[in-house]
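In what follows, a structure is listed as structure tokens, so that the remarks can point back to it.
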Amino acid sequence: MQFAFGVVLVFLLMGLLIGIAAITFSSLLRPSKPTAQKLQVYECGELPTGTPWMQFNNRFYTVALVFLLFDVEVVFLFPWAVVFKSLGLFAFVEMFVFVGILALGLAYAWAKGDLDWVRSRRFLRPAAAVEKGQPA
Amino acid sequence: MDVKTLLELLFGLLTVASAAWVAFSPKLLHAGFSLLFTFFGVAGLYVTLGADFLAVTQVLVYIGGILVLLLFGILLTTAMPTAELSVGPSRRGQGLALGALLLGLLLLAVFRAGWPLSFPPLPENTARGLGTGFMTTWILPFEVVSILLLGSMLGALHLARHAGGEK
Amino acid sequence: MSLHFYLVVAALLFVLGLVCMITRRNAVALLMGVELILNSANLNFVAFSRFTEARALDGQATAIFVIILAACEAAVAMAIVLNLYRQQRGIDVDAARELQG
Amino acid sequence: MNLPIERHEGGNIILTSAEWLVNEAIARSLWPLTFGLACCAIEMMAAGAGRFDIARFGSEVFRPSPRQADCMIVAGTVTMKMASRVKLLYEQMPEPKFVISMGSCSNCGGPYWQHGYHVLKGVDRIIPVDVYIPGCPPRPEALLEGMELLRDIIRGKRPRPDAAARTA
Amino acid sequence: MTELMQTFWFWAPFSAVVIAIVVTVNALLSVYMERKVSAWMQDRLGPMENGPHGILQTVIDAVKLLLKEDIIARGIDRPLFKLAPYIVFGASFAIFAVTPFADGHPAADLNVGIFFALAISAFVVAGIMMAGWSSNNKWSLYGAMRSVAQAVSYEVPISLVVLAVVMVSGSMSMQEICVSQAGGFWNWHGLSLHHNPFLVLGFLIYFIASLAEVNRTPFDLPEAESELVGGYHTEYSGMRFALFFLSEYANMLAVGMLATVLFLGGWQPLHPALGFIPGPLWLFGKAYGFVLLQMWIRMTLPRLRVDQLMHVCWKVLVPAAMGVLVLGGLWELLIG
Amino acid sequence: MDNHELFIQGSRVPDRGPDGDLMTLNMGPQHPSTHGVLRLELLTDGEEVASIRPHIGYLHRCFEKHCEKLTPPQIVPYTDRMDYLASMNNNLGFAVACERMLGLQVPEKVEYLRVVVAELNRIASHLVAIGTCGLDLGALTPYFFCFRDREMILDFFEEICGARLLYNYIWVGGLSHDFPEGMDDKILRFCDYFEARIDNELNPLLSFNKIFIGRNAGIGVVSAEQAWAFGLSGPSLRGSGVAFDLRRDDPYSIYDRFQWKVCVGEGLVGQLGDSWDRYWVKVLEMKESLSIIRQALAARPKDGDVREAVPGRVKLPVGELYCRTETPRGELGYYIVSGGGNLPERVKVRAPAFSNLCIIDEISRGALISDVVAILGSLDIVLGEIDR
Amino acid sequence: MEFAELLGHIRAALPGAVLEEHPEAFSPWILVARAQLPALALLLRDDPALDFAQLMCLSGTHLPASASESDRLASIFHLFSPRHRHKLGVKVVLDSADPACPSVAGVWPTADWHEREAYDLLGIVYEGHPDLRRILCPDDWEGHPLRKDYVTPATYNGMPLD
């Protein structure tokens, strides 16, 4: 096992090495002529105003949160999945309860609108008839 | 020194160095990304300890989940990530002193205590062992965890919704 | 390598986490300190179960449970931090004392 | 032209033989900046579309960010209000970089030469231009030909326009 | 010889170099393929002039990128800005360590292989965030936030579906997952209606989610040129940009390979009678088919909006993937 | 600080500074989806747009100044360069205005040919609008298909007058060239070919693509009242369900002789007046244009000199006139004041895209950045005529 | 309604607003008093018999000095009623020394940009306009280019203009 992980580590290092080699090699060849304007941060040809450190929608946090909890669930279920066949019905019921409880959480988030990306859009009315499709 | 020892040392060094950067970096953002290497180093140590599943879990949950959450937290709460981070110098000194003291105590304990050492063989497939364990020995915590997850999900979502502030 | 090595690394992690918690006033940084401490604990669990007579997987299973707890803790704590931020336009933990009520 | 190896001038450099390779690589992979100003931009788009297919020469990779672009096709009239932005965008491109002035307006002000109080009479007053493509607007073929000329310039087969005339 | 093969010091660097070559060639080839495929679908010719049928075009592009100036603008967080491409590239490269190329020949046969493949993308996420955040550029930050939110969201249905495959195969080792699908295409998880039909649905979910995972149309929001200019790599130039580019195409191949291993039998031949064709050819053939499909979709569909993206993930794919897991498990228990 | 930097700072619009949590984001003047050199100053809250301040004038080429210095026949080529996607229509509008002032009757044949080229150019212009609208939303291939078909129209124009984009074809009192031999057949063949392309290629691939609909339906809704109040015209007005087309409702040239339908948005997939409706009106209009072209070609006189009525010297009589025509983007108005001299005293152009664009702030508030791109695409702006 | 009818209606509703009438022009127009313009604009839009919902065009013109008068500026509004299908030009003449004209941006939102343009190019100051800035020329541009006496400056921010 540690042999295999060693290979993985070598791969990681190899990836780093390729990157470093490429950039080092490139640094030997490439020109470098910084000017004041070249070093301006790009914003469509304008000079940027203010910092980009802006307020982001809390929704990003919600997504990361729900993801984290599902991620954790997956961690538990992977060992379960490996032994599922040997343990049979009992394991299945256990998993069912486990997933079911988390599904409740998802359902709660869904019902409360936490999964809707934008809630305060006054202009986006429901596009009811999207299903109508092509007129005859 | 064989390769394994070398790797252990390297991972240990990575862990401690990056953790030190987490604790002392003047930029919160750098501290956050430094945590990435701490988690990775710990995952490496897990591998050297024969805990492959745990190592991958560490990467998946800590780097993929908790770190992202923390980084989002920095982004969502700090208009200027370079803002003043540290407490005043006196409290900083106190903290460092306390830390040094504690470290001394811990090291003393580590080297003085008589650990009942042995070196049991590694299990063939830790994931399989853990799976069986979760379904048998740890069945209760396994199910309780799901309730815990549900509870924290509901609570966190509720709190986050308040933080979002319906405009 | 010996158990001591892991214990030393864990001790260092623990102390660094603690220092991080004491010397930072930013709530997110505080959380980072907590994560360091939890990692140090985990490292100890796994190291002990590897080097002692205990059943080899006990430590790992415990560590997994701790990771789960850490995830829940991070989720809820970050939500609290967000609330704090919204109320005070800042996440200075010293200024959050008023929450004590 | 030895743009990318200017730093090694006078050095020993294996690069004398590699210079050919370097220049070929730059010449054959010109990624334009997604940047259109006026009528000529439509012909530039047409040059990218099916019939003229600038992709044949490897230039279909229009990069929206100047950081990844190699050449700027000034396609259209440069006005006083826009001039500073054009200059800034040009500056923000990484070396080696090239400018193609497409159409009469950016060459010299074109039909707005006499009464255009708000029109810059030639983009070469603010940035150095490598190739001028005449026409109002030039046909897409003319743009392809202009890029061919630019390739020749990069390869050193053709001089760059008088350096003194270029305001850098 | 075989002993040498089995030593770490030979095997690890050897396989890493081989894969490095494969990844690089793949990137060049995929870019060329993408340009040619798109040209073909759009009534154009695509690269023609540089090399026969433009085959050298992407090589030339790569050389050119090597020669481009590297700009690090004012206000950029230098250490993070420089580190990010390495992390993204290193991580997308490491996925290939666990992919089995032939019978008994993964570079690293991890017990937890597929789990590892899921986890390693966490590095990509962190790297992208690093890139977007350090750039001090509004477009970059938007791109990074979108990218991260999208990657973590779509990780959930992917994990659940992979879980279903692991459940059926009884192993997390990618090699064993391949082996469990032996005996012809009707035994492949993604096609075996008679073994476990829910896995076929799982394949579909995986396919959609994997498009999002690698930021391909219709989920290419993080790099939507018409909205966010360049996304998280707006400020990157020259070779650093090329590394992002390279890892993007490496990721395309990686999800193609994962899909192949999980659902299309990996290196298993279409029919046992075709077993004389070597495994790697099968694997790459199927993976490239998958990549081709991604390109086809890119040329066909517009892109979603961020709320629609999240809607698709959380309200369609995640419940469906949960269903696949539960019902697939039930099926396996009762019928399988 | 060099000259240039001073220059940038001098011409910069003063910052409004951070507005609470809002962030100022410049979209343009160099941005893939601003269709030229438009600059939108977005005030954003995360990805949500709180308000938009459009900045135009980056392509201000002083058209109105030129008009005061040139004779009307000399002005015609400059009208080409305003809406460079629909030069024929711009020529036509100016020619019609001058002819009204002069009281000039142009020959029948000229009228028919004008209608044919104007409608062909309408199709060409709509093709660009549709293609780029798709491109903005990430649909790459329809854009190439649109340009492929547009090239065919440009071929006709090239054959007719020698230019691909800017024609100077419709003169005051006539045309610069007659149609060459066999042109009618070619155009008719194109009509058949293109009608099938709309139905079999464009609509399945783009118009009724679920994602495309999802991106456009219910976005940027303009009510009929709003549309009138903000001076919207053309497809943007008709997208809101207002059946108003100057070709029918304020006729010029010979449009009253043809049978065709004014296409309006119907809220087919989302809400009436949304981006998709504005898009869809353009698709429908292309079909109607094909029908007009067919009728005009069938009815056109074969004989006659197209320069017959072209005056040797255009001297506009004293007076002032506001004359409007329907270009692909809407109401193109020329306000001409003449003092009786060789040069007009004042020519003001009421450009359709200028008025269409000014609603963007109104309908984009609360939208996402991606929606702004969709709205902008559906409004179909050409900076040449906005900035003139 | 025909021009004469329109005129009668307006005169009845707002006596004294219309100073001149020009039915003979290619596009008939009326000259109105500057002070009466806001009231007239509202009347034109809201009176159901007039119902000018669309402001087709808003232009400014510069009338150079003649023997009898000093130079003046004019702002002309071309209106159209989609319901009644009638048109009307409304003109306000201003002294160039005092080029202030009431804004109609509150009546027809489309006037916003047109007024900014007239301000930019001719220097007509629309009072009550929400955001009267230059629109086509840069903010630091000098002079109003469409005035007859406009002299193109030699340079703009260090760049030669011709």
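Worth pointing out:
Per-chain residue numbering starts at 1, and chain names A, B, C, D, E, F and G are given in the order in which the chains are listed.
In this text, a residue touches a chain if its C-beta (ideal position, glycine included) is under 8 Å from a C-beta of that chain, and two chains touch if they have at least 3 such contacts.
Values in this document were obtained by computation on a predicted structure and should not be read as measured data.
The set of chains touching subunit A and also touching subunit G is given as D, F. Where touching is counted per the definition, the chains common to subunit D and subunit G are F.
Chain centres computed from CA atoms place G at the largest separation from subunit A.
With every chain reduced to the mean of its CA atoms, the largest distance from subunit E is reached by G.
Rounded to a whole number, the gap between the C-alpha centres of subunit A and subunit C is 23 angstrom. Subunit E and subunit F have centres, each the mean of its CA atoms, that are 43 Å apart. Subunit C and subunit E have centres, each the mean of its CA atoms, that are 33 Å apart. Within subunit C, residues 64, 67-68, 71-72, 74-75, 78-79, 82 each touch two or more of the remaining chains.
In subunit D, the residues touching two or more other chains are 4, 22, 34, 49-50, 64-67, 81, 83-85, 87-89, 92, 94-96, 117-118, 126. Shared interface positions of subunit E, defined as residues touching 2 or more other chains, are 8, 42-44, 66-71, 110-112, 115-116, 118, 138-139, 145, 148, 152, 155, 172, 225, 229, 234-235, 238, 306-307. Here the touching chains pair up as A-B, A-C, A-D, A-E, A-F, B-C, B-E, D-E, D-F, D-G, E-F, F-G.
The part of subunit B that touches subunit A in the complex is made up of residues 3-4, 7, 44, 47-48, 50, 52-53, 55, 57, 60-61, 64-66, 68-69, 72-73, 75-76, 78-81, 122, 125, 127-128, 130-135, 139, 142-143, 145-147, 149-150, 152-154, 156-157, 160-161, 163-164, 166-167.
Within the complex formed with subunit E, the subunit A residues making contact are 1, 3-8, 10-16, 18-20, 22-23, 25-27, 29-34, 38-44, 48, 51-52, 54, 56, 59-60, 63-64, 66-67, 70-71, 74, 77-78, 81-86, 88-89, 92, 95-96, 99, 103, 106, 109-110, 115-118. Note for the complex: subunit D touches subunit E at residues 4, 21-22, 24-26, 28-29, 31, 34, 49-50, 53, 55-58, 60-61, 63-65, 67-68, 70, 92, 94-96.
Subunit E contributes residues 8, 77, 79-80, 83, 110-112, 115-116, 118-123, 125-126, 129-130, 133, 145, 148, 152, 155, 172 to its touches with subunit B in the complex. The touching residues of subunit C, counted against subunit A in their complex, run 64, 67-68, 71-72, 74-75, 78-79, 82.
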